[in-house]
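Two complexes, one shared chain (chain A), two partners (chain B, chain C).
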Partner chain A sequence: MRKSLFVLVAFLAIAGSAFSQDFVVSNGGEPSTLDPALMQDTVSNTFYLALFEGLVQYDPRTSKGIPAMAQSWETSADGLTVTFHLRDAKWSDGTPVTAQDFVYGWLRTLKPETASAYAYMIGMVVKGADAYNAGKGKAEDVGIKAVDSKTFQVQLLGPAPYFVDMTAHSAFAPAPKWAIEKYGDQWTKPSNIVVNGAYILKEWKAQDYILVTKNDKYWDAKNVKLRTIKYLASDNLSTNYKMFKAGAVDWMANGIDLNMIDEILLRKDYQSSAQFATYYLNLNNQRAPFNDVRVRRAFAAAIDKKTLVEKVLKGGQIPTDEFSPPMAGYTPQLGQGYDPATAKKLLAEAGYPDGKGFPTLTYVYNTSTGHKVIAEYVQQQLKTNLNVDIVLQNMEFKTLIELRNKHDFTIARDGWVGDYLDPNTMLELFITDSGNNSGDHRNPAFDKLMEDARMAKGDARMKMLEQAEKILLKDDQAIIPLYHYVNQDMIDTSKWGGWFANPIGYHPPKFIYKK
Partner chain B sequence: MSRYIIRRFLSLIPTIFIIITLSFFLIRFAPGGPFSSEKNVPEQVLQNLMRKYHMDEPMWRQYLRYMGDVLRGDLGPSFRYRDNTVNELIGQSLPNSMLLGTIALLLASLVGIGVGIISALKQNHWQDYTVMSIAVVGISVPLFVIGPVLQLVFAMKLHWLPLSGWINSRDGFRTLIMPALTLSFPYFAYIARLSRASLLEILRSDYVRTARAKGLAEPTVIWKHVLKGGLLPVVSYLGPAFSGIITGSIVIESVFAIPGVGRIFVQSALNRDYTLIMGEVIVYSMILVLMNFVVDIVYGFLDPRISYN
Partner chain C sequence: MSRKIEKAVNEFNQQMKPVSLWADAWKRLRRNKMALISLWVVGFYALVAVTAPLFSFLDYRTQVIEHANLPPSLRPAGELVIEKLEARHALIKERVDEGMDSLKPEMERIEADIQKAKDELDTNPVNKKVYIFGTDSLGRDMLSKTIYGARISMMVGLVGTLTAVFVGILIGAISGYIGGWLDNLLMRFVDIMYGLPYMLIVIILMAMFRKEGQSSIVILFVGIALVSWLTIARVVRGQIISLKNSEFVEAARSMGASTGRIIFRHLLPNTIGVIIVFTSLSLPSFIMNESFLSFLGIGVSAPLSSWGSLVSEGANTMELYPWQLLAPAIEMTVFLFFMNFLGDGLRDALDPQSKNRT
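Here is the complex of A and B:
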């Protein structure tokens, strides 16, 4: 009797889970914070998408902004003022979401004492924001205001066409002033947190899991299907993959087990999609021999990226000679492509016929099997096609970053992921003395085009950015792009709807449901 | 005796102090810092961060500030996990590692000593060869192989045990079985070899021969004379082993998704999370010196040759 009862209970439990809308995600790690103003890693960002909602949110298919807290918005004729009209929405404690919550949230991100890494995103576009964040301006002078409780107005520095999309980012979140002032640093704890997203924070077991449940006060609650979502903090991709295969995980959100790539490629629940991101070789433009553009171009011509991707990496990455991925209205400009004959010729012109007299360069990369195989491939290509020897040196990630920041390298492995869907987020890297311009590319013509594009609109602006990329790659070959990254996820889309492979790789859980 | 204990205990304080001081400065010499990342933050943001965590102050003042906080029992905020203090992070994860480590070490000691006794008494018989071969495997096969193999067999194929995770309402404590087994394996192997070797030595000693010569029954000889002396090396090994095992294993915690302190330790070093590294160093070194202290005391009771007066 006892045994049969046990079997019955077990059956009901299994049957229940098969029909219920419970979703388990292996999230790849512990979030560094649940405070939107402080978020800067992808793991934390997943929780932003579940718990909070900005003026707009990411369209699950295209990653473009779609109405969220803002029902509609309009931009003034000069493109410098954007007015958002908020919908009737409530925080999880029942308080209405107002324009004042946005003013408070944005100013909080910008406040120097908050020390938010992404404050610069607001500073890039909003008038007076950068000065306030730098401690040189006043909060009152930041170009945001609550016209009334449902109207939020922003003054921009230039007619940035990507601004509205940007506000889907966590740095632009509204914030519940009353909860933050009451609980201080403790406001993100499950018992204290007040949210305005589709889910509320139920349990937070550090390093173990985070459980969120549907928020009944959410404005669109009737369209939210998943009842609970459990985010596992496990960072071991091999264990996560086993969990996925055993049915204990529904979505592997943080990469795949590369050792199993041959098996994974055959599975229909493997999802890969082009990411708005590029893996590239960073060349020190100011240091010999790369201060000669012919040498940079010769190296670019000596590396067969297609074979790298197809035979070595095998994960569906997209080999490329461009830096900014293509998008509507923008045609990327290509640098030197694979061409061994040209490579040899260019190197000879630069004074190193058949690689003679060429110094032995060091290629630095951060320790990881993935980066190592790429480094070895590049090493072998340069030997074969240019008769040039390079030495590989791996190091801890923070050490590599330090070398890159100090421009203390000759060739370094590098990668960049766009923050929003616009070539600007890729190309601005290479402006003279920009904080991330570790290859030290310097070209006043490029800088001018990037500066002009800030104030331009529409097609003209895209043409300027195209022109800038042409200088960067065709004229200067400042870097050697290798491929565009892909998002690699495991999820069975015949079972789960509302999840789409998309370029930014954000998947708002509000749209996900069991079919 | 008690005077010795007090004196010995007080000498732990300068040891810990030196460890904290050295670590504080050493970690700051490592290239990069807590706020460097693939995407560099703009200078002003960096300044804001430095100010918030008092890193804009001269090093000596940071040091004094930190020591003051530590004396008050405050290990500071984590640089990486910005919603948590170091006290919270260690407080949440250390008990998990301690529980798992204690189970594993108990298991390893019981089985290891038992096996050691059997193989010492049956030296060069098949029993001895069998268990010692297993012990060699235990020492030489790394945990990141044993763990996944157990997972494959007991979770994926046989479905007897949960694949990974911590104690929960569905699986209860069954989640601990595989990680505890895996974790205990190398310790078991080492304890078995250690106890076998030292027991063999004692079995050949004069006082055991005397005991047998005066006609004592063999079990009495073993229990009263051989084991007491033969297990001394095991006791001195258990001290550092205990402090090592309860402070977490990155491999076990990663493979079995265990919310322990080992994973945080390694991550904090890679993240240059200065306060978290320091917190871990303090906790670890305190446990280590305390365990060694305990071992010294226990020795006094076990070994009649040692006197503390």
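Here is the complex of A and C:
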């Protein structure tokens, strides 16, 4: 009797695990924050996709916006007013989600005291938002309004065709005013947090893992399949990959182990697809020696990107001299390409013939084998082609973001993933004083073009953006683009459904299920 | 077994030749075979490390990307590259035949690479290179990397040991000889320094003194120097206390020798054995400490490397390219192993209390 009971229990346990909808994600790092208004990196953003939901949600296949908190929306004839109709959704504490929550959330992102790196994203499109964010305008003058508790209206600066897609982004999140006012900056702690997404935050072990479980109060809860998701914080891609191979991790979300690329390429559970994103080197435009455009250009000309991508990275990335990836109607403008002779000449013109007298600079990057290999490659390229020495320094991702935000670096690695499919999301980084303008690029002509592009439509708009990129790269060489990313994920799609390779590389977990 | 006695030997007709401490120790050390071998091995390591910059073929920073991840071999690199590419081609072709079309461009690229490698096999001098320890992921020679790694690691060991000896002896001797409140003060300071976790100090120092264009190795040295002298100060202090009331010190004092003279001329030479033994045993531990920091990614930074950082990098790829781990690991283990033997031998030779004394 006892034995048969044991067998039964064992059988149930095995059956349970075989059918259980538990998902383990290797997230590649510790999130710097869970507060949507402050999120800035892809590691943190993974949690936005699980815990929160904006007016629209990213379509798992195309990355375009699909109805989420907003059931439907309409745009006025002049394209300047968008009215969203919210559905009957609830926060995880049972309070209904209202248009006021969106007003509060957006204003919170914009509020100068919040210091959100993404505030400019609202500022770019919404009337009065930029002025309020810069401390020059009032909150009442921002063009957003709760017509009633279920109707949310936005006044745009120009007919931005990408606006609705944009609202899937964390900067446009609704926010639970009562929780934030009660707990202050502690509101994202597991015991305090109130969310409106498909999952609720259950457990947060710093530097170890974050566990989320299905939110029963979520409006679409019946279609949410995964019961729990565990996000592991380890940034050791080699360990993560071993865990993936052993079956302890179901999805490697933020990067693969570059050392193992030869083996990984042969695996069927390796997913790669072109991504709307660029890996680049940030140069501090305001700090010597990079305040001289000739030095910036010399550096750009000294790095052989093609060899880097084909012989070192080998993941199918696309070497590039442009920043915004090409897309329909938009021709990217190229900066300085690889050309060692020009590089030497430019550096000599800037006053450092054959690298003589050039200071030793520090290159900062976040700890990861992939970034390290690239850093060492760049270091050697600069030594060979310019006879310039640089020192490498690795740090935690959080620290790197801090340094970049404070412009406290000379060369820093960086990567940017478009937040929606439009060149605007790439180029807007480099507007003077934009929150993500780490290299501190300042050029009024560039700012002017970006502002004009907001008001323009169609072809004329794209032309302006092209012009802006030309200033950014050809004239200023504010940064050194290295390559366009490819999404590199490890997930067995014959086992997990609802996960699709898409150009932005955001994968809302509500669609993922075990087959 | 009788020996013919040619001349009677007694205590009166012998010439007494004074035997210095060093000659005595050297005599004993020479009899210890293991220690002698260790001395040779350590000496060889030191010689290679010191003279490395004289050999231009030892180039730790040039990257020959085409030669990435080549295994250790005595054959020229060009041949190995072709072999490796062909093996890879076969593997990929197998997958493509199974229907993984995504690998087709990769296959074509490899075909082109094979062609190029074959064309250049005899024309490009770089293909004649021989990598007896293999190469790393950016096509750098592992032999040169491990030798230059040895330089850094041994330098760390030396810096730690030298500060330990100078600062430790000074503080220990003063504290032990003068005693009283000064002894109390110094030893409590040592206690406090002991209490601070060494790794944490170095990590904090690294974060605090981040300076543009400065390699972190300087800070590493400072960090190691800061904590290296603690133990030896304690040991020397204990020795001095036990000796300071002995007769020869009394004699020196009664003849009016100054405190400095008593400490440096009379007391310290009597503790030198302990100091040397401690030093030779602590050198490996400094190297281990640095390796650990480098393993965590906060030690030296590229293009310099130490044994620790090489092992750390190698560990990431040990399944595919085991030589990247084994080369530095074996080199380091051998060195530490013999260094410890040498330390043991020195202790036996110098320590009058040692039971292993021969």
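Keep this in mind: the second predicted complex is superposed on the first by the 308 of 515 C-alpha atoms of A that agree within 3 Å, B and C clash if a C-alpha of one lies under 4 Å from a C-alpha of the other, contacts with A are read in each partner's own complex, and residues count from 1 in each chain.
As a convention for this text, a contact is a pair of C-beta atoms (placed from the backbone, for glycine too) under 8 Å apart; a residue touches a chain by one contact, two chains touch by 3 or more.
Predicted model only: the values in this text are computed from it and were never measured.
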- request: Give one of first, second, both or neither to describe whether A:Ser238 is in contact with chain B, with chain C, with both, or with none.
  value: both
Task: Report for A:Asp459: first if it touches chain B alone, second if chain C alone, otherwise both or neither.
output: neither
- prompt: Touching A:Asp141, do we find chain B (first), chain C (second), both, or neither?
  reply: neither
Field: First, second, both or neither for A:Thr360, with chain B first and chain C second
entry: second
Message: Counting residues of chain A touched by each partner, does chain B or chain C come out ahead?
response: B
Contacts of A:Asp185 with chain B and chain C, given as first, second, both or neither: first
Query: After lining up the shared chain so the two structures overlap, which partner does A:Asp262 touch, if you call chain B first and chain C second: first, second, both or neither?
result: second
Message: Please report the chain A residues shared by its interface with chain B and its interface with chain C.
response: 238
Query: Can you list the chain B residues touching chain A in their complex?
result: 30-33, 35-45, 47-49, 51-53, 77, 80-84, 88-89, 92-93, 148, 151-152, 155-156, 163-166, 254-260, 263-264, 270-272
- line: Given the complex, residues on chain A that touch chain C span 238, 257-260, 262-263, 265-266, 268, 272, 307, 310-312, 316, 359-362, 367, 369, 372-373, 375-377, 379-380, 383, 389-394, 410
Message: Quick check on the complex: what are the chain A residues that touch chain B?
response: 30, 32-35, 38, 40, 112-117, 119-120, 123, 130, 133-135, 185, 188-189, 205-208, 232-236, 238-239, 242-243, 245-246, 248, 396-399, 401-403, 405, 415-416, 435-436
- prompt: What residues on chain C touch chain A, complex-wise?
  reply: 61-63, 65-66, 68, 88, 91-92, 95, 100, 102-103, 105-106, 109, 137-138, 210, 212-216, 297, 301-303, 315-317, 319-320
